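Per-chain residue numbering starts at 1, and chain names A, B, C, D, E, F and G are given in the order in which the chains are listed.
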Amino acid sequence: MTIAGLYNYWIVILLMMTGFYVVIASGNLVKKIIGLNLFQASVFILYISLGKIADGHAPILQAGISNYSNPLPHVLILTAIVVGVATTSLGLALVVRIREAYDTVEEDEIHDQDESM
Amino acid sequence: MILTIVLATLLVGMTAALIRAIKGPTVYDRILASNALGTKTILVIVVLGFLMGDPSLYIDIALMYVLIGFIGTVAVLKVSEFGDLGQSRSRTEGDQP
Amino acid sequence: MLIEVVNVVILALLAVTALAAVRLNDLFAVTMMFGIYSLLATIMFVVLDAIDVAFTEAAVGVGISTVLMLGTIGLVGRRARKVSHRPILPLIVVIITGAALVYGTLDMPRFTDPTAPVHQHLGPYFLNESPDQIGIPNVVTSILASYRGYDTLGELAVIFTAGIGVLGLLGLRRRKRPGHEGGAR
Amino acid sequence: MSTAIDILGGALLIIGAFFVLIGATGLLRLPDILTRIHGASITDTLGAGAILLGLAITAGWSLLTGKLLALLILMALLNPSASHALARAAVHGIRKPWLEKEES
Amino acid sequence: MIITQLPALQVVIPLIAAPLCLLLYRPLATWLLTVVTSATAMLISGLILAQVLDQGVIDYTFGGWAAPFGIAYRIDLVNAYVLMIVSTISTIVSVFARVSVASEIEAHNQGIFYTAWLLCLTGLLGIAITGDAFNLFVFLEISSLSSYVLIAMGNDRRSLTAAFQYLIMGTIGATFILIGIGLLYALTGTLNMLDLAERIPEVANTRTARAGFAFLTVGIGLKIALFPLHLWLPNAYAYAPSAVSAFLAATATKVAVYVLLRFIFSVFGKDFALDTMPLALGLAILGSSAVIFASAIAIFQDNIKRMLAYSSVAQIGYLILGVSLVSPAGLTATILHLFNHALMKGALFLALGCIAWRIGSSRLGDFKGLGYRMPWTMGVFLIGSLSLVGIPMTAGFISKWYLVLAALERGWWPVLVVILAGSLLAVIYVWRVIESAYLGGKDNEAQVGEAPLSMLIPAWILALANLYFGVSTDLSVGVATEAATTLFGAG
Amino acid sequence: MNDNPVLRIVAKIIIPMILLFALYVQFHGDYGPGGGFQAGVIFAAGFILYGLVFGTEALRSAVPPHILRIFIALGLVLYAGVGVTTLLMEADFLAYNALSQDPVAGQHLGIFLVELGVGITVGAVMITVFLGFAGRNDP
Amino acid sequence: MKAPLTLVIVLAGSWILLSGHWSFFLLSLGIASVVITVLCGIRLKIVDTESVPVHLLPGLIRYTPWLIGQIIQSSLHVARRVLSPKLPISPTIIHIDTQQTDALNSVSYANSITLTPGTISLDVGKDQIEVHALTRESAENLKSGLMAKKVRKMEGVR
């Protein structure tokens, strides 16, 4: 039970770390943003996993059902998703501007251009 | 029981589509695969709704998915065809100042 | 039981998708992978009873995030340069972070355990009191808009910030730019 | 009566599942993008159609049935349009489609 | 009636002003709105501070829902103190911003600039006041996103990359904070800080609590720009518009430090945070290295704005050193330095803003003879520098003095050495500027050309504040001591 | 893609459906999944489809920037305005109970208005963001 | 003026289908929603006969069963080919005359072609449709022109 009960979290952690790796290891700015999205989406799954209850139902109250999953994580993640979208759109807007200013979206090439100035 | 079988086949179908999405080889294969995944996602959500006992809550998600998924596909194709979200082909030469 | 199986399958598919996204260098393909990831995450949320979240993720993942990424790729070009050397440092950072998280989960309440503190403290209050205090069936909405309505105001301010940020950075006027080619082709 | 409906619904579901599998096979086996679109469209039309219809029949007559049918209609309208747009883009985008013969 | 609603108004007034600002859109009108709003916020935070000093903790609930169920504010002296810093700096700098922004940002973007400014103010105030862990995350994101926008509006293309880098690191930090809050939530089932504080001791001995704490610390560390995580800060401050550099340097990291204090002392309790976890030693090492390395790097900077940014990283080291001492005296020094550093960095960046307005550059080479061409501006710079170094009779001296006392009290001699070395390095990097400005040879052809009064007056207010709080310490030290006692007692 | 009759006609048929569905989601957040944010996104998605099929210029002339700006601000003002109204009614910020004699009715009204605010701002922001990206490469 | 009215009716029907609540409040919201949608549609200039093709409805009812039959038939055809180990397919691109009177009908025809497994429309021109067929049989079947005739009839019953 111990392992089975945690197995879920561990895969989610693997997902999180994959996203995190994309953010910090790739030099392409667009890919970084995509990685950030993967990272955040996995954190969302972690949160939602916390709220799941065995044999639970979606927290929309109905007659005759008493076992609902916890709605609070859902609310938190709704907010977090919105924050994530906001960050993504802002980040991508920055990428577009960077590309116009530097003509590249590779981190090291941008760095080289700044150094050579 | 039947629903379980349907769900299982849908998951198999999703796996196949995912393999196609990863293998490619062209962009269009990936678009096709994600499209197929989208269709199967809609079905999975509906079937899950029936399995979990309250389909009417889940069907709204499926309905929205059909609508939004179409927009996603159009956007993908537009970018792959024109390289841009904005342009419409009929205007490419016109109205230069 | 069935749900657990579906859960595991979807998680496995998610893992495959994420790993594929790491490996690919065609940004277009990476974006498609992200779209698929978001599809699968939606199913995951449905399985975990979070239908409001699934709804949002579906709308956002396909309708907004993917479209924006595609728009960006259209403007900046779709080839990401291959990382020439194996980045060791990021790998170490990621492994340490992951190890810390795994370590942290060891004492976590088990998945779907009804005796977890999460299911004891605030959750039951909302589920029990919401019908009388708010009077609408969807408890998520009643928390979102009333109990934690102030958070939602903050959330709206965040999206507002993103809106003015894009207005400020990209602008909406038609711009005339001298010979600058950006495109996927 | 109700058993007849159940059997019909069950049969439709099984047929749908079967065509979903065929679509998956087609998606994997067929040689190039245009042919694969054919494979996938089986899932889109007959697979999805049969499953949704089967569910609508088993669900009994309610608002839900209407929504399932609406879903079906939307899919019948949008999926072919998406497939068409995809095929059109693909035929321009790839170098040479895998054809047996060409006529015009 | 209005008095009981002050805590809500503190955040909501700038929040409502932001969309109004977008509707007004005209540069002058939006600027006026920003100044008025900031001043109102300052007034409110003054009233709140007075009320807290007078009656103790203020509780406020949103939506009428009691504490752990709804979102609640619980304003003690520390909150009120940080609120005061943020709103005051915003008011002063926004007065300054008018001319500076007009010269640096295109007219059609100025409305958006001020809107983002108000949002940033909203976010910072919201972080400083809230008593709910998740609400803190939300407001953290408001302030972060708006500061990305503000930074990206700089007129150098490097401001874009700086903003992007900040966005990536800031979002990673925020996500870490989110993970930390999630782990705590899994353990306790609550998000309210007071409720968390009551429930954490029961579960303090779990691995999850430790991991949660670690993630929170690293996440907040990224936002603070704690030494090895500081990489975003120098570019962000160096290439942002002048007014933004001044505003953010004086407030953003301060608020993040406040968050660290709040989590360490109020939520986890000092026993858990500093004894169970080896945080004290870790923070001491990080703080010391920040002081030494960042000061050393600052010496080699050619861009003065960048130099000051590195100096900020070093100053954050002092703040962290104070925390790592785990004593009321150390905490007093940290809280005092929050305020004093805001004053000195504000003054220095405003002076740089004046210079940038006049000569359009912040390179060391262009500072030649500036002491004669812009005597008033360089006066501000001189006072700020003295304060930064920690010369007696300036605010900077006071906080360093208290830090030294706290270190001696614990018998941590190495810290003393670090502080002295840091000050010495500060002398070196500041001296380069002073030397160039005053001794670099007087250019006889250059005319005296000062910045306009609307820029000079705010700069001089901050400069004089540096002197005032260097002499008359009753107010600042008194409040800081009491705040430190509040925090320390709570744990 | 205006020259593709399939997409043009399908878009014409489907856009009103998308908009109506968005409004349905907006107003039925109490009973099922959905609410202001989702509705805003879907509503914007309808306009995004229009922009994709008929060109950004057409979308821009249908929803000019100054109108978008007004709507972006309007939603946030509406949300915060509800809070200020409750303040003026001598209740806490966002305490909807004060909006009506009957607390539950007050909650209903408050939630309705607040979700409407969310929907307006989110929809306008999403259209703005799309226009920002799509209009970038116009000739 | 006919198109907006038809749209209103269609949308009102959709609202009732979606909502399922009959309270006064939600019904008035429904009316408001329909009005907003129609106004948006007019603003976007998409409300015309093409957007609400209700005049096709009677024909569509007769046409659909035939189309479903076609779909099943060709599904089985394609399924056999896909499952067969040798994969006996013969992809072809052909051009066929649309024989339709207006764009709307061409689109119905093109979509019917795509909807039927084994054939996809590639390009819809003024009077020709380019079609990709999976097998020669599918292509021949389409060339017989039966479907074109059926689609044309759909409009004819108006």
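Quick note on the criterion: a residue touches a chain if its C-beta (ideal position, glycine included) is under 8 Å from a C-beta of that chain, and two chains touch if they have at least 3 such contacts.
Please read these numbers as outputs of a predicted model, since none were measured by experiment.
Path length between chain F and chain G in the touching-chain graph (shortest route): 1. Among the inter-chain contacts, the highest number of C-beta pairs connects A-C.
Separation between the centroids of chain E and chain G, computed from CA atoms only, is 61 Å. Note: centroid distance chain B to chain F, computed from Cα atoms, is 24 Å. Separating the CA-averaged centres of chain A and chain D is a span of 32 Å.
Each chain gets a centre from the mean of its Cα atoms; for chain A and chain B, those two points are 20 Å apart.
Counting partners per residue, chain G has 14, 18, 110-111, 121, 124 as the residues that reach two or more other chains. In chain F, the residues touching two or more other chains are 1, 4, 6-7, 10, 13-14, 17, 21, 25, 31-34, 37-38, 42, 45, 48, 57, 69, 72-73, 76, 80, 83, 93-94, 96, 122, 129-130, 132-138.
The residues of chain D that reach two or more other chains are 25, 37, 63, 67, 70, 74, 77-79, 81, 83-85, 88, listed in rising order.
Put simply, chain F touches chain G in their complex at residues 4-6, 8-13, 15-17, 19-21, 23-24, 27-28, 31, 46-47, 50, 62-63.
Against chain F, in their complex, chain C makes its touches with residues 51-52, 54-56, 59-60, 63-64, 67-68, 71-72, 74-75, 132-138, 140-142, 144-146, 149-150, 152-153, 155-157, 159-160, 162-164, 166-167, 169-175, 182-183. Those residues of chain A that touch chain E in the complex are listed here as 16, 20, 23-24, 29, 32, 36, 39-40, 43, 46-47, 50, 72-73, 76, 79-80, 83, 86-87, 90-91, 94-95, 97-98, 101-102, 110, 114. Contact residues on chain F toward chain B in their complex (touch as defined above): 1-3, 7, 14, 17-18, 21, 25, 32-34, 38, 42, 45, 48-49, 51-58, 130, 133-139. Residues of chain B touching chain A in their complex: 52-54, 57.
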